[in-house]
Amino acid sequence: MVLGGGLVYPELNFTLPTMFVNGSTMPDVAAQYREMITGALKRASELEVPGLVVEFETLPPMTENPDWGMEIAQILLDELHEASVKHGLKSVFRMTPNDTREMVRPPVMRSGELWDNMIELFDRSAAAGAELLSIESVGGKEVNDEALQSCDIGQVIFALSVMGVRDMRFLWTHIAEIAERNHVHAAGDTACGFANTAMVLAEQKLIPRVFAAVVRSVSAVRSLVAYECGAVGPGKDCGYENVILKAITGFPMAMEGKTAACAHLSPVGNVAAAACDTWSNESVQNVKLLGGMAPTCYMEQLAYDVRLFNEANADGPEAAAMLKKWLVRSDIGLDPQALILAPASAVKIAESIVSAPNHYRAAVAAGMTALNLITDAYNDGSLKVAPREVCWLDTIKEALEELPEDESTFIASMMDAVNTTTFRPQDYDLT
Amino acid sequence: MVLGGGLVYPELNFTLPTMFVNGSTMPDVAAQYREMITGALKRASELEVPGLVVEFETLPPMTENPDWGMEIAQILLDELHEASVKHGLKSVFRMTPNDTREMVRPPVMRSGELWDNMIELFDRSAAAGAELLSIESVGGKEVNDEALQSCDIGQVIFALSVMGVRDMRFLWTHIAEIAERNHVHAAGDTACGFANTAMVLAEQKLIPRVFAAVVRSVSAVRSLVAYECGAVGPGKDCGYENVILKAITGFPMAMEGKTAACAHLSPVGNVAAAACDTWSNESVQNVKLLGGMAPTCYMEQLAYDVRLFNEANADGPEAAAMLKKWLVRSDIGLDPQALILAPASAVKIAESIVSAPNHYRAAVAAGMTALNLITDAYNDGSLKVAPREVCWLDTIKEALEELPEDESTFIASMMDAVNTTTFRPQDYDLT
Amino acid sequence: MELTQLTEAIKTGNRKAAGLLTQEAIDAGVEPKAILNSLIEGMDDIGARFQKNEVFVPEMLIAARAMKESMVILEPLLVAAGIRPEFTALIGTVQGDLHDIGKNLVAMMWKGANFNVIDLGTNVPPERFVAAAREHNPQIIGLSALLTTTMPSMKSTIDELKAAGLSNAKIVIGGAPITQAFANQIGADAFAPDAASAVEVARKLVGSQSTAVLA
Amino acid sequence: MELTQLTEAIKTGNRKAAGLLTQEAIDAGVEPKAILNSLIEGMDDIGARFQKNEVFVPEMLIAARAMKESMVILEPLLVAAGIRPEFTALIGTVQGDLHDIGKNLVAMMWKGANFNVIDLGTNVPPERFVAAAREHNPQIIGLSALLTTTMPSMKSTIDELKAAGLSNAKIVIGGAPITQAFANQIGADAFAPDAASAVEVARKLVGSQSTAVLA
């Protein structure tokens, strides 16, 4: 199975229904995962998918107790192996330990029991055969959460391009080392806790969509660090910024869109498919639908989505480009985030990132490029922007323009502005 | 909103989670439907769907008690009206009373309290503004259920083209009269209880896929009767035979495929989209997914599916044909039912139906055409048929060839062969 | 005489041969129990192939019909010898629900597993389950539902069976919207996800040792 | 002096003007209660526009900050006059769950509705809810969870609050995987589907007559 070789594969992720995860429930937890994986693999075989990525994104107690995480990982690996032997189903296993470092506040990012257990889980799962290692890392979220609520783009840039970048550099150096030692792949990260939070808040009309779109663009600078440290893709599914990272790195990327509605609604249901190497449902609980357990139903939906992509690809680059054109055009007139995640926009944002002298300036440039793309499209009538959002185009622009040229000046001013009690500055080399 | 005018619309249907429907639970039932419709309409507005069909397929107690059915219908109609006024959301309401005549065994098909209440519900909902009237009618199921289990194609043809046709002629004459009187549309029926049952049994590996495919083809003869009696489409979503009926009548058709995985798995997830005028999720329970209540999540998925279809259509007939080619090609090599539901196959089956002298011969011809399409594709290597199914190609062919030319001879022999205690012959003019 | 031919007749669903060979065996003085076992062996074979998805329901059905043809001849001798099915199973689709096929398949599978199966049909109110349970004393009661709105009828039925003191029969439930969690919640003894597994589930519940006691 | 200017300063989130105008009003001898009401009127206006999706959270926040600027000056006078928030609300994300934002938004909305809000943060074990409820005697307790695997912690928390005899506080729950049905099941008094509705829900629970008692 070659990811990024032209063929698109489904990538399935699933999670528990309402239940506790603890020592006494672990037999039930294991039974749930066994039910989910066997049902999904049965359907994947029946539909003759060309191959499959299965992601196991752990729940916090499974990272805190690596034995529990490994028990489930081993069940999944065993079932994947059995499906391969019995039905010739090709598959790849992605292990995504939940980043538990924020279980204490302020988070301890670089040491301690939480860190040790998380790293242990990466290491043991890689040794057990997890071919892809991923994480939704959280460094910088301490500041980003507040910054989103006040729509303060300067603070978002601080959270992402200063705090996030420094944390990811530390974390991904470790993950890359684990991957290398175990002969598996450091895959990639996602700005889930940052840009997806913004996107979901915007869907709920709590913050402007144009702001969420700019946050997405900025978030690429942070997620890029994984690849700077040795990750090779596919970047994690919920990282919608992956399309920008693909333009920079050329690495394959997991994407998700409409078929992840089970996990969250989004304004980018089709456009997100235009650059995917695997196509994911993000995560679905093990609840019963009339058609079967929800993971099985979503397996089927992904399988058919992917068949369509691959049929277009099979007709050559022009045909593939035509399908992508429709996927893109379907969304980009209705939402600013859809617009900036179109491959053509992503290339422009990527260019602005790689031409910048440092991560901070790259973040500012990415934000400005996104904002200009949105403003131009709004002005030429090709993008709808809700009346209540229009003033935000100027607000964000002014805020971006006011940011200093120099990174250390920026950091100093931000350390004054943000709530520094929510994080440990030493964990971000900020002392 | 013009159905069948080129633009494809989403068609949403939803149903209750696990709960009783009775006098004391009706307030809860109403609250459930209100929650489902408001969530779905909110999302449809946000995603700016070009228009929407909402289907209300009643549960048995709501047909037995027309007041209950009307209470829910009115809630849905009111919410559709409000979404139209507030958000400019265009919509059409499809009313599908559950066919309760089989509540007694053998069913009383043409009179009695069950019949009266069902007809009353049609009439009152049409008067209240249900623009489309549909039903999953069940006449002939008494024999078809057994025929499927023994894979007896002769008995299936008796159930569909003799019993089913006669019942539908009676029933749809009434529905068409109600529609005309209320200035609404008799939309169409579906062979759900016949051909979908076969398809689902085949998915569960209980009967051969090739048999289920032949049943589908034959079922078109029965579902066609609605249009012979005055229905004008769009035919009901779960009638996968609609593609054949569209080839015959030219009327618009509702179709469902991958995005109906919530309701049942199928081998025709993409190919079913190639001829759709509305695109449906069949039915999803009101359960919570992480992204929202399931009806809202499926509303989003349908909206994006439909956007893609409409983008291709917007690029003209050649572009539309290209997308359809991919949708068709994605499925037809893997499953015989997918093969015979490809538009090109459907045209051939349609031709064999319209050239036949009567419904019975049309059913035999439809079955034989489907079987020949499957056999040819298997022989030229373009269709996979599981080894255990190959012998069934001959078995079904021989059975079809042995059927008499003359309808009355056929009926006489079948009245000897089938279990005549399961139905009332007088309700099918068989005495 | 050789009973392998009879076993073969069952396996291939050759009804005529099954009848003839059964009569032949009786005439040759073969023990009724030995004849029964040869039938069971045939059903066992086709049942195993069905479970492995090698054959379909219709093949199971014609084997069952061939077996029935034999049993018509054999049964009086078995009764006379006091040989009868070890277990009785009651089955029905619960009140408000009209779905037949799933229930019928389970009934067929249970018959194949040598259960004496009493099929109450569809839309069966709790009181009819109770009355039938009183009459037939089943070890197994199977409840089927295909609608989310008739699932609660399963609970009512179980409640009434228990209230009537009929809780020594094990209750197994199934149908498209049913899950193990729901089975636990309403106090069912087991959940059968499909017809093929219904036999295993039922056997486990009655503690039957035989892996394939078919008749 | 005219308090409409102060109301306007709150509505537009003009923090500086809010502070200056508050001091001016006090100096001019305006009743503290009248000043408070003008602030409430400003928050009421922005709150209503927020509910109608005309403005966003950041606009709510800067209005709240302007209000806070006024309150720093006004509060000592209110305290002296015995005027204080009518209701106290406790809020936290339950044990095992680290999600902040939803909980923070509800806290912000409740503060805007003149509740005295005590925010216990995230990953809050039941015993901390119990201790805080004993200390602050809230009328409302809000529990947030975003993981299906921390939803059961809501039940544990409610159970412990009830066991501790703290059942006169009304409990409202919310978060992405939560439903009304779950709220009923675990004995919560209410379910708030989103931050905007959390105010309405809380007001209903405490039986507050005011449609917008904001401070």
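By written order: A, B, C and D. Residues from 1 in each chain.
Definition applied: a contact is a pair of C-beta atoms (placed from the backbone, for glycine too) under 8 Å apart; a residue touches a chain by one contact, two chains touch by 3 or more.
A quick note: this is a predicted structure, and the numbers were derived from the prediction, not measured.
A.B. asks: Which chain is most remote from chain A in terms of Cα centres?
C.D. replies: Centre of mass proxy via C-alpha means gives C as farthest from chain A.
A.B. asks: When contacts are scored as defined above, which chain pair ends up with more C-beta pairs, B-C or B-D?
C.D. replies: B-C
A.B. asks: Report the inter-chain centroid distance for chain A and chain B in whole angstrom, where each centroid is the mean of the CA atoms.
C.D. replies: 39
A.B. asks: Which integer distance in Å separates the CA centroid of chain C from that of chain D?
C.D. replies: 61
A.B. asks: Round to the nearest whole Å and give the separation of the Cα centres of chain B and chain C.
C.D. replies: Each chain's C-alpha centroid was found; their separation is 33 Å.
A.B. asks: Counting only Cα atoms for the centres, state how far chain B is from chain D in Å.
C.D. replies: Averaging C-alpha atoms per chain gives centres 51 Å apart.
A.B. asks: Chain A: which residues touch two or more other chains?
C.D. replies: In chain A, the residues touching two or more other chains are 15, 17, 285, 288, 290.
A.B. asks: Can you pull out the residues of chain C that are in contact with at least two other chains?
C.D. replies: Residues 148, 177, 182.
A.B. asks: Which category does the touching pattern between chains fall into here: line, ring, star, complete, or other?
C.D. replies: Basically it's none of the tidy shapes, so other.
A.B. asks: Touching pairs of chains, all of them, please.
C.D. replies: A-B, A-C, A-D, B-C, B-D
A.B. asks: Touching chain C in the complex: which residues of chain B?
C.D. replies: On the chain B side, the touching residues are 15-21, 59-61, 102-103, 105, 145, 148-152, 197, 201, 204-208, 285, 388.
A.B. asks: Touching chain A in the complex: which residues of chain D?
C.D. replies: It is residues 53-58, 61-62, 96, 98, 100-101, 104-105, 108, 121-123, 147-149, 151-153, 177, 182, 194-195 of chain D that touch chain A.
A.B. asks: Which of the residues in chain B come into contact with chain D in the complex?
C.D. replies: The contact residues of chain B facing chain D are 17, 288, 290, 293.
A.B. asks: Touching chain B in the complex: which residues of chain D?
C.D. replies: Result: residues 148, 176-179, 181-182 of chain D touch chain B.
A.B. asks: Per the contact definition, I'd like the list of chain A residues that touch chain B in the complex.
C.D. replies: Residue positions touching the partner: 15, 43, 46-48, 203, 257-267, 269-270, 283-285, 287-292, 294, 296-298, 300-301, 303-305, 307-308, 310-312, 315, 319, 322-323, 325-327, 329-331, 334.
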